[in-house]
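Multiple structures are listed underneath, in structure tokens.
Two complexes, one shared chain (chain A), two partners (chain B, chain C).
Up next, the complex of A and B:
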């Protein structure tokens, strides 16, 4: 679609403007009517009114969180699809989100942890464990890692960790109330504090992600070719895994497991800018933020005055897309 | 001086041994062809020489230095490998693919230079794919595609070029085209070429040096005209054949025994 570097760069700027506009919309639209003037007043001339509190404590954190989490999941999915050469790879399909969720639920309910910083480490650990398990299971056997084996291993891990999570919740009803809305995946009602506490890890992930594109281009020509060109492929894979764990784990810590962004967006980005990961990764970030902001704004209007968890929204959009990709096959 | 050599090299996967304690040297500036029956380990040996497969024991020496101990991008400036099955990502253009050959020369600080540009141009011209530069790799014919991949390894500007069955899946015309290209690279630029080839007669025609692998060992090596005999082919491949001379090049030509129609006596060459 976008051929020259100039048009791709223009696209990046349009994407940034789109994300900013949607963040603005996310602050304005919703059950409580907010006008642009109120937003300005909430900062320059705070009067403690309901609207001003909603703007500062609810709407703005929500917009920031939706943008960050959407970008994270999309970048993590892009890197997973690139490294595993598997069009179905994504943090939710491969059990990374489920692993992180299980660890967080375990931490909250069984160990009684409430510190956000500690819980985010649980999320990272769960994401890392799931990623390693899927990689090992998917690589077992003589023919090594194949897309089909990897997808099966991912589905099995996702199911396993989800059942563990449900097991904990059935045994512990009080925990159920605490985590149920979080488990469905939501960017609403989150404290900005939790975004701030994982932000350093996210920034590390984003920095790595901007540098890994060129290396992924080499690796996408095949392991042997990449090694022949002198690439240390194992290091690229390790860095890729670190990015996935930081971004997907961090997102789960903030917003719970939100599915389908990680699988849809990489395909749309590649359709837009082609196969050069130096472009695909930033486009995925912007488009992921766009999709989650849109889904979150939409989630406010479907059963107003109540809200649909945004994870349900992304599933509604994502499931048909997933079937489309799966039917198209593993030929890439 | 030897370009590449292996010393008491043993290779294998898990607990199976594929190559057992081989030592050999690849002559510099020559074309060396590895032959042997399917699964004899000739591709495995080639992969190990390109450090794609770590040895179980022994070592591969590149200009007298152990390849495992050299920085991998340093190796990539001296030796390039074209694996047996290559797969370009969908949508990649010829130019993009060939440019990747410059990877070992780049770093965070040193991005694309004029020297890179010249190397890519030269590689595109040498393989006669310059006019295809903007085409998508997947839209090319098998022969064109193989020339593009060879162009990528040429852009690496290495003295040594390893190729794993570069003519497989190609029709006769394109097989000759690829081998002629490699021959020219050897003759005009004195590149050392090592490849695995299935067609024995073409191997005899293009190789300066043949290495026959059998039972995890080097069975025989040398000039084709000195080593290719009916006995060797029987022992290495288990095939009865008659060795005569290639009417075009005078190199050994193996004509296998077997069934099939026989016109001898009924019809002479006309």
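Up next, the complex of A and C:
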């Protein structure tokens, strides 16, 4: 849709402004009425009132976390779809989120870990294990990696890890109470500290993601062509996997498994800017942040005064989209 | 070459061979043996011989109470639910022609989980008691499973038919969505509901009573018989679309009926035993290894195998960690997961 580089660049700026606007809205809207003036006062003229505390401790962390997690999941999904050439690839469908969640739940309930930094390592380990297993299982055999085989491997891995999680939780009711809301995927009530402790890894992931675009363009011409052009495809794949693990694992550590963002967004950004990954990846990041911020604002209003976990919102939006893609089939 | 004896009577058409017959009968006895052993083990141990005495009506009254009131219903449910899930999985693997299909993966169990948890959340009041009878719970899960089956089928429909691949993909997507909605229901309900729902999702045969057995056994039996009548069509499905059409099969119609049978079987099982995982995947596989892929032999052996798996899982789950009792589903997943990985490795060239 956007053809020239100038329009694409303009699009990026519009995207950034949109994300900032939505973050602003995310601070303003909700059960507690907040006026723009209060937000400014909360920083320049903090008076310890309820509203000011809510702004500083609840709304702003929430907006930042939603934006970061949305961007992470969308970028992870884009890279997965690009590397596997599978339009249904995403952290949730391929079991990466489930793997990370299982490890975190295991860490909390069985090993009694409460340090956020340690738990984020558990999330990375789980995400990595799931990603590697799905990739290996999906690409075994004579005909190599086929989209259907890979999707089935992912779905089965997701089923496997979630049944393990389920098993742990049946044995430990106290843990169930602790992790239930987290397990549904939510950006509400997260301490900013969680985001900060994971941030270094996310930044590494983002930097890698900026540089992998060009290599992915080459790889998307096909493995053989890429090799013929002198690309070490295995290295690109390893870096891709590292990005996915850092971004998806980090997101699970922060907000729990939030599904469907990684599947919708890459399609929208490809529709917007074509197949050049140098553009697709940043667009995915911005659109992912936009979608999760929107979903999170919506989640506050559906059953007010209670809140729907944002993972449910994304499933509501994402499931029809998934079905549309699945019906269209793999032949693009 | 195997020497098959064709068996044709009315609409039932099966290929029987000696080996399959031996295997079937062998597993039947194995299953009965494990049932008897399982009936004897627990907080109060009863020797297998005494179990037999109780069954034939000559045991002590204490033992009679333990065997008939406490252990027998859950053991029967384990067998029936395991068998139903196994047959359901065998049918799905036949239609989809992929060894990895099973009722859990294409979302049938997920649909049931959603309605079950929804039922628990909607009909609980503040003091954590249900406002309607718990006896409606199986109905809720059954409806969830069947609706999900139809939904997957309808959404996979395009240009006059469904293809196995679309069926699987759409099932996977809906299963993921259902999981999110299920968690939401658990959060909306009180914590008591959440832990109860969680046990249901994992799958457990604990606390089964005879009334439940009286409902599920005829239901599963009826569906199993219909499935046997359809076994030959299932064989044709496995040949693939073109061959089956050329052989004069109404492939799409058969697919619909078979999918319905599969859903109704899985729905019946999960309605009472919850989402016991991986049985529908494992059992048909082991059976296929033993007797080949002609459904005439495959279905009964799968059913027996499914029954045995859940039976053993339940036995271990209630004995190994006593006095703590695990849901049987934890055990089937623990066995099923490594088996599944092995399976993917073995079927890498399919």
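Here, the second predicted complex is superposed on the first by the 331 of 332 C-alpha atoms of A that agree within 3 Å, B and C clash if a C-alpha of one lies under 4 Å from a C-alpha of the other, contacts with A are read in each partner's own complex, and residues count from 1 in each chain.
In the analysis below, contacts are C-beta pairs under 8 Å (C-beta built on N, C-alpha and C of every residue); 3 or more make two chains touch, one makes a residue touch a chain.
Being a predicted model, the structure only gives us computed values, none of them experimental.
Looking at the superposed arrangement, the partner reaching more residues of chain A, out of chain B and chain C, is C.
In the superposed model, A:148 makes contact with chain C only, not with chain B.
Once the two complexes are laid over each other on the shared chain, residue contacts for A:117 go to neither chain B nor chain C.
Of the two partner chains placed by the overlay, neither chain B nor chain C lies in contact with A:17.
By the touch criterion defined above, A:228 lies against chain B but remains apart from chain C after alignment on the C-alpha atoms of chain A. Look at A:275: by the touch rule set out above, it reaches chain B but stays clear of chain C. By the touch criterion defined above, A:177 reaches chain C but does not reach chain B.
With both structures placed on the common chain, the touch criterion links A:217 to chain B but leaves chain C unconnected.
When the two complexes are overlaid on their common chain A, residue A:40 makes contact with neither chain B nor chain C. Looking at the complex, you find that chain A touches chain B at residues 217-218, 220-222, 224-225, 227-232, 270, 274-276, 332.
Against chain A, the residues of chain B that register as touching in their complex are 47, 50-52, 71-77, 80-83, 86-92, 96-97, 100-101, 103-104, 153, 156.
Those residues of chain A whose C-beta lies close enough to touch chain C in the complex are 88, 92-93, 133, 137, 140-143, 148, 151-153, 155-156, 158-160, 162-164, 166-167, 169-171, 173, 176-177, 180-181, 183-185, 259-260, 303, 306, 308-309, 311-312, 314-316, 318-319, 322-323, 326-327, 329. The residues of chain C lying in touch with chain A in their complex are 98, 100-101, 104-105, 155-156, 158, 165-166, 168-170, 172-177, 179-181, 183-184, 186-188, 191, 194-195, 198-199, 201-202, 277-278, 324, 326-327, 329-330, 333-334, 336-337, 340-341, 344-345, 347-350.
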